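What follows are several structures.
There are two complexes below, and they share chain A, which is joined by chain B in the first and by chain C in the second.
Right, the complex of A and B next:
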């Protein structure tokens, strides 16, 4: 039904229209607010002069590089901990001591060790991505049907063969869910690092717009960051459906 | 805990001690410049010194204060809004999709907007922390309300309960596990945003402490601050878990 499809759009459209009207009627002059038409105009300008596309490239590069490194580490540790129970128990205190450190607290350490730029941002994003990957991979590997492991033993597969042929394929749907969550975290952490301190990317762009008192440009950046986050999420959910169908949904609500 | 579990625990603590010893060794051999990596002895000394002079305690208290106020405000508003949206089919159809759109937004992107509106103030920090922490709680509440066993609602209707009574007596208790899980999740968000706001606005807290230590290349103080932040995250999360177990004891018993 067309009304059902339109329902979700009604509220944001009505709010924007009301805000536009209010801004026009009161001749809004503000450092923090701008009417939607001005925001869209600023967005179009910034897209055309390539300032937003370049910032997007910087942010996504740092986020994805950190995601790749962090999830590779988390994945290998998660598989190791999932397969070997003694190893998991021995590392428990160490992992529980490091995991609760908020990723952003590493920012000053990364800053003095690596300076501004991609490297410090990538390190912090990677640190943040290790943990969800590790924990969810570990539980995915643990919940593999025990009979599969028995088969691998009966076939006398070596450890590497067992991981490549049994463990990873069996745990893959839930590992992808972990990857999807980590990708969201990677983007959030990258933008946060840029806002807090690092002078590159979308986060730095929105801070600069705020300091220049360009409310329209600032809100345009905010809108764009929202669109990027939403698009990334949609893309990964679509990929998950496509690749794994319903198999991955089992891991969504553990 | 039986004996095997205690033995594993001890072994696990020994492994962690081994890592700390390795860290000390690396620092002592100057494999990494001491400007970046102080040994655990120096970090510990800085921690003790900071607490005995009272500096670090007041910073820690500042961070806890930001976190607690923002988180509590977010919890109250999140549960109230979530209950309002979750208990009405109309609100779910019209409002929930907009919320789903906002969910993947990196919340820290709201910080510049908050600075433009409220300046570099405590109020700005509280607004940002509460805004960031509200999402997990509100969405968990909506989800919890939507997932209430339909037969319970039928019972409520046949008892002719009012809407407030349904929310208070049926929906909230059965959504409680979801809500508490959301509150635990948003605690981490609150801590991270507290640190970011303190870094940006120079508010009294551990965020400002670690940044100033880094700027002055006082790496021992810096590591002391990071260790404290880790401890804060760990202990607050354990505290909420304990409350969670306590509040959900009736559910475990019912199963």
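Right, the complex of A and C next:
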């Protein structure tokens, strides 16, 4: 690896080294902080005894399932609202009344209705993912070149053909940006649900480690969540480049 | 963009939704009994009963579920995520007062001289508390507002003639207490062992009041509760549950080694830390009159709206 590529790593590494030194010199005694060496050791142990891999599976499964359901709902509503102005006006109050509800505020109801486990988490993640998808899809569909729609009319495409052949391909690059946004939200909401209530996954791991006074393990979970979020973002950006390389460009310069 | 790629993406999305819907279909009927408890030693009897195979001996298939916040337990019971939970007396009574149909089925832990001495108001350096009224105007961190330690402390203040409204209460969770006391974020915390010893040893302050010992109560801290519906339909199971818990309670109170090992296993706390603190006294028998004191205290603190009938709160 060249020096240029290593440069961005220098600052975090130096900070961690400074923290390690400070922790050792002051003989840090805390239930919420731990030196980096202890965190890395705890991370290695938790990876080896499979507690982190299992928790990761639970969190990612709930996040992705919620993301898929929420995106599908957001996408279909967004396309419908984007195409039909009357429908959009009709639903405006309803959507704007439900959208500001923080997904986490649904937890008490979700717990009584659905109980612990994937179901509750998926429902809450899906709820959070609907809105960015809906709003960005709607605006993406609205901003489709009017001439394209004229063409579709001239060709006498049916409504489904119009959506499949014109609307979705034209709006897809922007829809994918919404999907990327939603993916970030999905991970945040999934972990939050686990921290607050659900006894599975990475969030619950953080809580249990905290209550067991294992600050090192708690921070190891935190570090791991950061790694997952980072990896997820890289994956999605790569997917976006691969799928929409030229299309994304075309969207920017019509 | 190529059409095949769009198709593949849409197919992927559909598949994803399909799989999730399939997985999220209604859960299977549960034969296993899930017991939900917070990571404290109060449910030690259930932990020991699982570890020592006492539930199995009585023909019960039991699993323990860790629950982060005690006040979530009533909702978890009602959603049937757990069949039995270990709420604190205050959480249980408030839930029933709020209309949730819960019933206590067996005792878990009770206050006794040892556990009462373990409870303390720990005061940071630079603050001196000589008498109860020194708490006036101070910022006091409680692990949960209207939860066990907070209610006890308020009761103690009232008994000592101090108006609880003159004390500024905030929420501070156990694991963050040491750091918040150190930084001076609060003047005192309501805490218990092993935190008192850890903070004393670290030189963060001193014990300002042993309000638990001064109240000297013997009322229940945590007990096992279930929904009335479940408890009445599974009367035989409840009976066997009680027998197993009674046997386990004897081990908790008599065999520190075994009890500590089980507690460490469930709470994931380091074994040395668990061994350093005696577990709260296990008392498997719970009678309706055991809840009278709590109802009185909570009513006087305006935490209950209705008049609760103790006879209905505990399953015969």
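The rule is simple: the second predicted complex is superposed on the first by the 238 of 254 C-alpha atoms of A that agree within 3 Å, B and C clash if a C-alpha of one lies under 4 Å from a C-alpha of the other, contacts with A are read in each partner's own complex, and residues count from 1 in each chain.
Assume contacts are C-beta pairs under 8 Å (C-beta built on N, C-alpha and C of every residue); 3 or more make two chains touch, one makes a residue touch a chain.
All figures in this text were calculated on a predicted structure; none of them were measured in a lab.
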Of chain C and chain B, partner touching more chain A residues: B
First, second, both or neither for A:93, with chain B first and chain C second: first
Partner chain in contact with A:12 - chain B first, chain C second, else both or neither: first
Touched partner set for A:115, first chain B, second chain C, both or neither: second
First, second, both or neither for A:166, with chain B first and chain C second: neither
Touched partner set for A:195, first chain B, second chain C, both or neither: both
First (chain B), second (chain C), both or neither touched by A:210: both
First (chain B), second (chain C), both or neither touched by A:125: neither
Touching partner for A:244 - first (chain B), second (chain C), both, neither: second
Touching partner for A:31 - first (chain B), second (chain C), both, neither: both
Footprint overlap on chain A, comparing chain B with chain C: 31-33, 108, 111-113, 195-197, 207, 209-210, 213, 215
In the complex, chain A residues that touch chain C: 29-33, 64-66, 68-69, 71-72, 108, 111-119, 122, 168-169, 172, 195-197, 199, 204, 207-215, 243-244, 246-247
Footprint of chain B on chain A - complex, ascending: 4, 7-12, 31-33, 89-94, 96-98, 100-109, 111-113, 184, 187-188, 191-192, 195-197, 202-203, 206-207, 209-210, 213, 215, 218-219, 221-222, 225-226, 229-230, 232-233
Residue numbers on chain C that touch chain A, as the complex places them: 1, 5-6, 9, 13-14, 16-17, 19-21, 23-24, 27, 36, 38-39, 65-69, 72, 75-76, 78-82, 173-179, 198, 202, 267-270, 273
In the complex, chain B residues that touch chain A: 8-9, 11-13, 15-16, 19, 35-36, 93-98, 101-102, 104-113, 115-117, 188, 191-192, 195-196, 199-200, 206-207, 210-211, 213-214, 217, 219, 222-223, 225-226, 229-231, 233-234, 237
